[in-house]
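The structure appears below as structure tokens.
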Amino acid sequence: MNTPPLIKPLKRFTRRSCIHLAAIFATSLLTPAIAGAEVNTTGLAVTDKDVTVGILHSVTGTMAISETGSVQAEKLAIKQINEMGGVLGRQIKYIQEDGASDWPTFAEKSKKLLVNDKVAAVFGCWTSASRKAVLPVFEQYNGMLYYPTFYEGLEQSPNVIYTGQEATQQIIAGIDWVVKEKGAKKFFLLGSDYIWPRTSNKIARKHIEKLGLKVVGEEYYPLGHTQFNSVINKIKLKKPDVIYAIVVGGSNVAFYKQLKAAGIDMTKEKPVLLTISVTEDEIRGIGGENIDGAYAAMKYFQSLPNDNNKAFVKAFKEMWGDDIVIGDVTQAAYLGPWLWKAAVEKAGSFDIDKIRAASPGIELTTAPEGYVRIHENHHLWSKTRVGLAGKDGQYKVVYETKELMEPDPFPKGYQ
Amino acid sequence: MSMQNIRAFMPRQDLIAFLVLAVVIFIAMPLAMDIFRLNLVGKYLTYAFVAVGLVLCWGYGGILSLGQGVFFGLGGYCMAMFLKLESSTPEATAIQSTPGIPDFMDWNQITEIPWFWEPFHSLPLALIAVLIVPTIFAYIIGVAMFKRRVGGVYFAIITQAVASILTILIIGQQGYTGGVNGITDLRTLLGWDIRSDSAKYVLYFVNGILLFACLLFAQYVRKSKLGRILLAMREREDRVRFTGYDVSNFKIFVFCLGAAFSAIGGAMFTLQVGFMSPSFVGIVPSIEMVIFCAVGGRMSIIGAVYGTLVVNWAKTSFSESFPELWLFAMGALFIGVVMAFPSGLAGLYRNHVGPFIEKSYKRLRLSYENYRKPDNLVTSD
Amino acid sequence: MFSDYSTAELLSIFAMQGFAGLILFSVFVLMALGLAIIFGQMGVINMAHGEFMILGAYVTYLISNLFSEYMPALFSMYFFLAMIVAFFVTGALGAFVEWAMIRHLYKRPLDTLLATWGLSLILQQTYRTVFGAREVGVSLPDWLMGSVPLTDIIEIPINGLFVMGLTLIISVAVYLLMYKSQFGGQVRAVVQNRPMAGAVGINTEKTDRFTFALGCGIAGIAGSAFTMVGSTGPTAGQLYIVDTFLVVVFGGAQSLLGTIASAFTISQAQSTMEFFLSGSMAKVLTLLVVVGILMLRPQGLFALKIRH
Amino acid sequence: MNAQTAANNEDFVLSVEGLTVSFDGFKAVNDLSFYVEENEIRVIIGPNGAGKTTVLDLICGKTQATEGSIKFRGKELTKMSEHAIVHAGIGRKFQNPSIYEDLTVFENLEISFPRGHSVFGALVFKRDAEVIAAVEEVAETIFLSEDLNKTAGLLSHGQKQWLEIGMLLIQKPDLLMLDEPVAGMSVAERKQTAELLNRITKGRSVVVIEHDMQFVEDIAHRVTVMHQGKVLSEGSMERVKNDPKVIEVYLGH
């Protein structure tokens, strides 16, 4: 599953796509390599030839399902950067560690990466719990973590760049859209029982109530729960216009299959199902025919029609196989190494403090999702889109915010 | 204590084993490792508390609990609650809508500290809670189960269910417990920064000393009549009962003792790792802890410590180089230990390594005596 | 609690929740029957039971792919074949496991628990290596996916009906096999008195192997059926194991009827509570009540009073 | 003796009256009454399934009676817990030798020594001179003086039976109940056991279940014959042997 990337992929990576990408990233390529002595004084694993970074995700355990895509994306980005000459003239080497879906293991491995391997940056984590576990380690040893997942917000660390969306970015645009386009008035909130769905639903509820509309139900089920018939019955009774679902992991499959079997047809006018937790990745498990007609609000869909994305999808498939799908988090993970590269080059150094100082304002015009910019609060300015799920397991983008959404991890009035 | 009593409590072989372990933990490890690795070892050793408790419960008492993580977790949570309150000063949490309460409470619209958190403002009360809460919980389970003679497999399954109930509860009540993230970002203990290297050294040694205290108490229990009664009970429960013992009391005692050990381990875990999460309360970690004990040898308290160290060391190094193979190795370890080495490392030592050392020692001694002989030739011959 | 609803709605609630409970009941019975045979009759704690179920699910996945690739015309019928193949594949694995592992551990029931836990880890990683870490989507024939509308609120999912029917058939088959056939007599003879059974000419080793394989095979069918309602991933099996054991123990391990009765009680309790409480709290309360009752009545709810 | 004068059953060590236990309707013991006197060796015989072992189970509290009373020196036993019954002075040996095979003979006897039976007591229990003396004395009685440090699992079958008897003796019970004490013993061992039993009955009563008629004749003061959960006949061996009902049951089958 995780073959060292430098052997197989190099063969597969065609010259044409190299040139294409090279053109896209021409600006960054032109940055001159800076002499070793200057950048090499940081105590990090940087030599004149290469620089070592860490990849820290679960490849075993329950979370391996979700985190695999992120690992693949990060490896792809690293490979592409290397092919373009690396960062400050140095090839990126990576050390991959397995968090094993176990939060203390994440803490332990992050400490190893920072203290023993002295990596220059870490791309990793997926769940909030794993991020919370490693956060003190990064702050203590002054490392830099690029965290890819959309998450609940309520956090802003000098040692983390959040490349996914925080909750308000995802939620507010989605709800505004469904209210405007579908005339939704009654919402039923549903989620797996942990912090992200609960916090997100809290923001959603505040926003819905601010709009003068009504939440007719709010339900949580334990992670891994597979029997949703009771809640489906409640939904039928309450007759909401929108089912706002933040179910995660294996529960998703059960939920959508049972929803469909119970005769709630999402392709019909009502109720609309709006989710912020189902990416193309998850649809693979759910089955396109079971989620046909649902809407998702997030910043990236594989079907985005821009050129950046076409090149990205192509390169991704060349590296990891044709039958692969790319979800929101995978794309966000792909941004990590590029954002880091840009920050390093802007700072002219691998030094963490300098990178931190350089990060805000960094923009990536080459991002598959289009354009992103790092906010002062270390989150990304990004657009939010609404996609309509189809039988083929892909989303069709039906709406895109005009402006970039400002990241607001501590939203006033939503807490 | 008379010399004879000491001998009975600590026969020479056990004494050597204790001394060797002391050298390993207090001298060899700190000398050989940097603070990062040492801190890891310290973390592993917190699991050893559970494993030692399991030796008494399972090896001696025949009570297999698949819910020891519950007690480890409760102990850890008690400690974490204290540390969290300490780190949640109004200044440190100024960004919250209600400063001065733990961050996760604020995220869940809780505006004041719930009553059961109040005692954890005080370190002595928190330390008492670390020991008392899990022990009382174990006592309740123990009385309910053992007085009604639920044992063996049923006990294992029910403890498993208890572990899963508590996990769902902790995750579900996230406003009070920190939910699935756990209680994180713990920084200081009475103002002392527990994240600094020097603190980690100190905590490592405190952990080691506590572990030895537990080991010595476990040794005392083993060698007391109570230890023999446990063995007798495991073999012929009826005979013990009809010899006039209230068997359930002994089971409750040893189960509570195991819980108390686990709780100490949990509290030390929180201190050394800096957070506590429900992932320790569940079934998977609880069963893993049983395997630490089984690998060490379910009848050997010292073996349990080595078992914990070996399995965790293997886990760390294996998962660094071959993450995909780790589960295969772990699974094979479970099956292998159960089927081929039911008495674990301790059995391996007793049957193979021990006799070898004994033989070498004798040979050495013999050659030493032969060497000495020429000096005595004049008088003896 | 009830004031929000009209009488007609309340009736619908009870009807629908009753039906939801029946589906949950069928799911529990399917999960627990195999385990009840293995644990109740043989005293073996098979912690890899969930992984056997998932094997059944993967077999279904493979066969559905096979059909859609080579025999799309027959796709609507593949499910029946899939269940049969799942039964035999998991049964065969079960027989192998019994031969390689379990038979050496009959005298140490707690050790079977640890060894089968090890087995479950290995199986999980095998699935991950073979099928990938992601969940696989099993596409179902269309006729299984619809629902039958009764009133404008009440709709009966067809796959629910299918699972219920399947449960009924399997329960009856297991009952006949265990209580009316010669094989069942042999199994019970071996359970009650192994040396005596051996002495009267029953091949106890073979009986053990068949019993274990049968339990695993039923797990395979259950896994196959669950592709309709749940997810198929390497670690999905772990979700079921605690519930399954509780159902079996709660029913009184020795009795198959007890298992069914206990599945009924637990499922109805859970689905009723789910309607009025949050899902998490309903789960906690159900488990608490079950554990509480087990503490008061350790032999299980429906066990016969037996002579010690 | 006419034991039915229940008014003065305080004179008996053990009085069992109207004892009944049923398992799902099957009455394993049915309205059973018998009385054991001080210093008496009472042997219970009867065909398989007569309910003999169940009677011992009922007396020592292993099985709960459905009806009836069991009085030991006037104390009602049916509601007492097993360990309390032991403390009241009743010791019971099981059919198969029930000893702790992993422990030494010394430790087997020591565990049975009546001190330190609470959890705390067991924790602080000291192997003092009194314990050692008691263990050695009993070991002498049960012919195991030489084997005190041997692991009990290594003893012969007969020695295991003796050890279990010894474990009871060290508790100095007033009533000793033995379930088939000579089963599986060699002829020589049976003789020794009979002698042992005759010796240890001084100052206590003994209830024995046994099939070996020769052995029964060697030791029994009185014999109770049980059949289908009831007393079929009672009295001296001589009388019982000639009771036509007994002959019917034993020979009629």
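By letter and in written order, the chains are A, B, C and D; residue numbering begins at 1 in each of them.
We take it that a residue touches a chain if its C-beta (ideal position, glycine included) is under 8 Å from a C-beta of that chain, and two chains touch if they have at least 3 such contacts.
Because the structure is a prediction, the values reported are computed rather than measured.
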{"item": "Length of the shortest touching-chain route, subunit B through to subunit D", "value": "1"}
{"item": "Remotest chain, subunit B as reference, centres from CA atoms", "value": "D"}
{"item": "Chain pair with the higher count of C-beta pairs in contact (A-C, A-B)", "value": "A-C"}
{"item": "Where subunit B and subunit C are represented by their mean Cα positions, the distance between them in whole Å", "value": "35"}
{"item": "Euclidean distance of C-alpha centroids - subunit C vs subunit D, Å", "value": "48"}
{"item": "Where subunit D touches two or more other chains, by residue", "value": "62"}
{"item": "For subunit B, residues that touch 2 or more chains besides their own", "value": "168, 171-172, 324, 327"}
{"item": "Multi-chain contact residues (two or more partners), subunit C", "value": "125, 128-129, 238, 278, 280, 283"}
{"item": "Subunit A contact footprint on subunit C (complex, rising order)", "value": "5, 9, 12-13, 16-17, 19-20, 23-24, 27, 125, 128-129, 132-140, 145-147, 149, 153, 155, 157-160, 226, 228-236, 238-239, 270-271, 274-275, 278-280, 282-283"}
{"item": "Residues on subunit C engaged by subunit B in the complex (per definition of touch)", "value": "39, 43, 45, 101, 104-105, 108-111, 113-115, 117-122, 124-125, 128-129, 238, 241-242, 245-246, 249, 278, 280-281, 283-284, 287-288, 290-291, 294-296, 298"}
{"item": "Footprint of subunit D on subunit B - complex, ascending", "value": "5, 8, 220-221, 224-226, 228-229, 231-232, 235-236, 238-247, 249-250, 253"}
{"item": "In the complex with subunit C, residue positions of subunit B that touch it", "value": "58, 64, 66, 144-145, 148-150, 152-154, 156-158, 160-162, 164-165, 168-169, 171-172, 283-284, 287, 290-291, 294, 324-325, 327-328, 330-339, 342"}
{"item": "In the complex with subunit A, residue positions of subunit B that touch it", "value": "34, 36, 39-40, 43, 95, 97, 103-104, 106-109, 168, 171-172, 174, 179-182, 184-187, 195, 273-275, 277, 279-280, 316, 319-320, 323-324, 326-327"}
